[in-house]
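Pasting the structures in now, so scroll down.
Same chain, two partners: chain A is paired with chain B first, then with chain C.
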Partner chain A sequence: MPKAFFVDTSRCTACRGCQIACKEWHDLPTTATKQNGTHQNPPDLNASTYKLVRFSEHRIDGKVEWYFFPDQCRHCLDAPCLEVANGYVEGAVIQDKKTGAIIYTDRCKQLKEDECEEVTEACPYNVPRRNTGTGMMMKCDMCIDRQQAGLIPMCVKTCPTGTMNYGDRADMLAMAEKTLVKVKKEYPRASIVDAKDVNIVYLIQDTPERYYEFVTADNSAVGLPMSRKNFLAGMTKPAKRIFG
Partner chain B sequence: MEIIQTPSASKHDVLTGLLALREKTPALENIFDAFSPLLKAQEDGRILLEKWSDFEIPEADALRFEQGVPILAGMDMPNLGNFFPEIFWTMTTALAKGMPAIADKVTAIIDALKDSDSLNELARSVWEEDNNAIEVFAKDANVDIAILTILGSLSLKPFMNRMKDEAAVEIENMFWNKGYCPICGCFPDMSLLKKQLTENAEYMAGHGGQRWMHCSCCDHQWRIKRNICPWCDSEDYKKLSYLQSEETKTERADICDTCKRYYVTIDTRDLTEMPDPRIAPLSLVHLDVKAQEEGYEPMAETLWNSL
Partner chain C sequence: MTNHWCDIENADSIMIIGSNAAEHHPISFKWVLRAKDKGATVMHVDPKFSRTSARSDFHVPLRSGTDIPFMGGMINYVLSNKLYFKEYVANNTNAAFIVGKDYKFKDGLFSGYDKKTRTYDKSKWAFELDDKGVPKRDPSLKDPRCVFQMLKKHYSRYSLDNVSKTTGVTEENLLKVYKTFAATGKKDKAGTIMYALGWTQHTVGVQNIRTSAMLQLLLGNIGIAGGGINALRGEPNVQGSTDHCILWHILPGYLPMPKASMPTFEAYTKATTPVSHDPESANWWQHKPKYMASLLKSWRGDNATAKNGFAYKMLPKADDGEDYSYIFLFDRMYKNEIRGGFVFGTNPAQSVPNSNKARKGLDNLDWLVVAELHHTETSDNWHRPGIDPLKNKTEVFLLPSAQRAEKAGSISNSGRWLLWHYEACKPMGESRSMGNIYVDIINRVRGLYSAKNGAYPDPILTLDWPSFYDAEDMAQRINGRFTKDVEFKGKKYKKGQQVPSFVALGDDGSTSSLNWLYSGSYTEEGGNKAKRRDLSQTPMQAKIGLFPNFAWCWPVNRRILYNRASVDANGKPWNPAKAVIEWNGKKWEGDVPDGGWPPNATGKGRYPFIMRKEGHGQLYGPGLQDGPFPDHYEPVETPITSHPFSKQLSSPCYKSVKSDMDKLAKPGDKRFPIVLTTYSMTEHWCGGGETRNVPTLLEAEPQLYVEMSPELAKEKGIDNGEVVVVESIRGKVEAVAMVTVRMTPFKVKGKIIHEVGMPFCFGWTTKGVGDATNRLTPAVGDPNTTIPEYKACLVNVSKAKKVTELV
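And now, the complex of A and B:
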């Protein structure tokens, strides 16, 4: 049975335990950064930061609201990055059947720099990053090594607030629906994000644009006649035909 | 109050779970091959007894129960009908299949009792723990008493399991802090540490694991304090410890140096799948071996930790 996360951002306190635990488990180096006027640090995902707690601050109806969003790969059920990357190098990206995790393999190094850019562009959530040193495309691997050893992903293990939850997809969707009913009482604009398309299912307590640009695939479809995700997935089809 | 509860039935059948465990721990193949026919026979018995309802759970007396008397203690054996002989023969076949070394003794039991119409008398002797009656029964049939007792006990387990769900409803609002089963009074064959999210907690959700004991007889699970020995109730933390391998931090044998007893535990908080406690103890026999080597006795004797 495919696995999923339910990320209840209404419980997130931005402790960034998940962000650090991810780095620890994957043995990723720190990122040089500087004060940008926000606690969001580093400023964006990068080749050695697969998980980033995003901060956004608003004054709504005279009250300060501080929204936190532990951003990471959504492990799409039908991943555009997989389509694009495999259009160039077969087997560069695979989907693990047991867990549903989207995994970037070592063959990603065969992708040229501009092809890597296309892969990032194809992602409706703007997640994959290229390591300029190794040429490898980097992102969350859903701790596939831990899962294969029967252990839950590191960010879920670490989370002290109940924000990060992991389990069978059906159970996580049920948990999301139940939690939404509760959260909506205080935050009527709360919603579940793209649940039918992704395995990392977020609950947000306000509209997506109040978090950041790429919270939902649909939200990033500005100016496009269809969602960005569908549009980009469609774009890859000719390449698929040509490259096999 | 939510101290006592019976989790929903396992999503997987016993055989699927055994195959998965066998694949995960190939070193224990022999153990799985020996005991899987018996575990499958237990499950078949449970399924057969979905049709059995000729029993009445005693009314729970809160005062008596909360002082440590299990709800089924003192209950007269219900009418097992023809279900007991049917389960007994299934169990006999499974035992002979899994353990060829004792197959001749099992065959002797089959030969001696195949036309017997007094198997329910054997059930009654086992139910009432009347060892004299069992001995007489074994002598009359000229069969091995130890194996006959094992078969009688194994054949009664599905009945206990069948009654467990209804008994659990009777006691769901009562308090139980003992190390033995609140339903049938048997000791646990394992415990599970489970993460429990506190939905109403405003910020933090504890990482501490609740300890749930699994009954070696009726399959019930109940929660008890973590800092207590289920056997002797000792809370002397200097004498409560555990044995664990360096490689697998999620499995351990909890030991008590006051009573020199042990039980195996799986810490499920980091696991992707909740283990099936009906079969999980089989995968922990290395811990049984270690604990027994160190001089500890199991709280519940099972076939795999005593044979």
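And now, the complex of A and C:
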């Protein structure tokens, strides 16, 4: 049974324990950041940031809402990045059968810069980043090393509030559905994001565009000329994902 | 905390006020959210909408420094709508006590005020006593001079209208909180209050907290599961360091500091030990001489005897009426009255108010010893920006100290739990633990005194000082030992063995203990109980998430303080579903009761508030410096010139120092129309000396910012993300503008008042992050604790013309 995360953003306090712990576990370097008028830092995912808590704030009908989104690779069931990358270099990206984790192997370094760009473009969630120094494609590896050693992923281990949950996919999906019923009472626009297609299953309290542009694979609502989902579907995806 | 972290889960209503718990105590929200899952309402009352507000049911913005009106309004609401828990109030609080005729309150001042000294003669507030010396009572609560009636009268002025136009909270929002929280005045409901520095750091800090004690007593929320007043302490061991007397005015275990007017052990115990004439009052502090004698014995071993007053005379004494806290310490330093000193685990150049003055004060030192993990603004004060290091005379010794994972020892968390941590790895390089550094320094000093026989060597040479630091040995000394062979409760103990609890401590020199509160933590039977990780519990304990065998809790492993107030006179819990203790006819079950006496109906019981002389929770608190009832006073720097509660604008007793650098903006000063509040954040700890050196944390929060409302930003023509200058009468600070809907303008007495907020963790030793926010804050303090008013002062904000601190 593949593993999955259930990320209940309605419990997230944006303590960023996950963001920091991810960096510490993977021994990733930091980048020089600036205060730009938001708590979100680094400003975006990058080659040394696999996990980033995104902040978005709103005054909706006079009420302040502050939404937090601990962003990371969704570990798609049918990962477009895998298909694109392996089209250029066989075995650049693999899917671990046991956990369902999408893993970038060392062969990614053989991808040319524009090919890497295509890999990033193919990702409906805009996750993979290229390390310009090593040429390696970087993103969350679902702490495959920890999982193989019988430990739970670092971000889940660190989370104090129950936002990050990890377990068998079926259990996580059940947990998501159950939680949604509860959260919807207070937040009727709440939803579960792309549960059928991904192993990192998010619950969001409000419409995706109130978080940021790549919350769902279908981001046509945010006004891009052509939604990424359609773009990539035309390229590589089977029909079920175009209409599903 | 009267209760503890896990117990928050038991609350039906949670009011977080004066705290940003989700950001500053992230783990607390594990328990808050569990309570919420079970249906609790979580309310956040705070000037700023923070990560705490985001996870609360609702947020109520409140102007900084107006917590007493907010809480006073709730007390008034509870009293006028008769929502209090009458039986609890009548029996467990001093509501029935008759206040003496000298007590008066008029226009913001209590009787006994001396304008010249800015102090009160507290004897004017005393209770009326009967011929046995016991306070007179009217159990019907009808006597016009009983506390209950006085309380009603005092808070009748705190109408919704008055409160709203002072706090800036709409009447609708006031009622929303009042109704929700007051609903916990029922037997089967519990409400908890979580507070932190947002309450303490005011010139009315102690009285802010008093309001919660009063409200919780009225609602019967003290002593019960899911109730209490829960102070969320700063770092993991702030509780432990306070218990072990990090503050100047106490000795370990909250024993008072000896004063010049108490020259002998007898004089000390006589002056500081309360006497009760009420046989039903446990008056626990009557045992103070035993705890003091044992403390002195642990300091000097055989050199302390009953005959020599346990060598009390050798202790340094504080001058009566003098204040030795930070504000005054740095004032003396600034006035060149201090030659040198040790700074361990703190960064005063960053965290003392009016830090321009504090930094200049440090310049006057001949020598300074700093023990730290990293260079800080304190250790490196001698070459701070704008200073010529060649002209600075201070000789600085920077001792590398071990990080907490590099040493073993105990910490006491906010819930008073003593938890052992182990050395995960050896200290780096030459760094050592603080204990190790300190023990060795004193041993060297002792060596020098032995060899050279300096002036008055006795206090140093008679110490029972270890030859090397060992955390385990220190934990044993804290618990205390028998100093001779004795029999206690039918059991024989040899000299040198651990005492089983503080009940065994004596005033005859038979015992030693470095801290009576921790007696029982390390015993012959149980070993080092801070190491316990056993989750076993009885079904009754399981109902309230009480784990008596996990770690150890002071006092005597009692997890919920004042728990005798959770039961009726027959020992039956008010709320059987969440019982803390229960009398089974022979003994108490559940938590460790506040004294093992049988229930009060037997006539052999004791009142539940055993640490009070009279045994009752204090609705009326005649022991404080600034009045027995909290009343509203504006912060020392306030944007308004009058308030509806009295003509007394600011606290008549607040503490301050005078120097050319201690300027204060006048009330309503047009040059500084904006309120500034300061705070910490999740990513950095306190002054940031440690966390700015952790790259991942600095990456997440890289630079000083000032949070302001879009309305204020528009008024000032400031864009989000641009650098501004924040200026008070004392200094200027550069910060990045964070324009956010999470800050709200307040409507106060019909006018709009803006408030901005800044963290204080950024300092110049980390390049380009900004420098001390505390260059803006005033050195004024609470009359009881002298804690500085970091939470409210006056500033102005403008676009920066030139940026120097953030590049």
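The rule is simple: the second predicted complex is superposed on the first by the 222 of 244 C-alpha atoms of A that agree within 3 Å, B and C clash if a C-alpha of one lies under 4 Å from a C-alpha of the other, contacts with A are read in each partner's own complex, and residues count from 1 in each chain.
Operating definition for what follows: contacts are C-beta pairs under 8 Å (C-beta built on N, C-alpha and C of every residue); 3 or more make two chains touch, one makes a residue touch a chain.
Owing to the predicted nature of the structure, the values given are computational and were not obtained by experimental measurement.
On the superposed chain A, the positions of chain B and chain C overlap enough to count as a clash. Within the superposed three-chain model, A:Arg107 lies out of touch with both chain B and chain C [touch as defined at top].
By the touch criterion defined above, A:Arg129 lies against neither chain B nor chain C after alignment on the C-alpha atoms of chain A.
Applying the stated contact rule after C-alpha superposition, one finds that A:Arg54 touches neither chain B nor chain C. When the shared chain is aligned, chain B and chain C each come close enough to touch A:Thr161. Of the two partner chains, chain B is the only one touched by A:Ile152; chain C is not. Between chain B and chain C, C touches the greater number of residues of chain A.
Of the two partner chains, neither chain B nor chain C is touched by A:Arg74.
In the superposed model, A:Lys23 lies in contact with chain C only, and not with chain B. Shared-chain residue A:Lys139: touches no atom of chain B or chain C.
In the superposition on chain A, A:Ala14 contacts chain C only, with no contact to chain B. When the two complexes are superposed via chain A, 528-536 is the only one of 222-230, 240-248 or 528-536 in chain C with C-alpha atoms clashing against chain B. Overlaid on A, the two complexes show chain B and chain C touching the same residues of chain A, namely 11, 13, 160-162.
Residue ranges of chain B in contact with chain A, taken from their complex: 24, 197-198, 201, 203-205, 207, 250, 269-273. Of all the residues in chain A, the ones that touch chain B in their complex are 3, 11, 13, 147, 150-152, 157, 159-162, 165-166. Every residue of chain C that touches chain A in the complex is listed here, in rising order: 22-23, 26-27, 29-30, 33, 49, 51-55, 59, 682-683, 695-705, 720-722, 736-742, 806.
In the complex of the two chains, the chain A residues touching chain C come out as 11, 13-17, 19-20, 23-24, 29-39, 41-42, 57-59, 64-68, 160-162.
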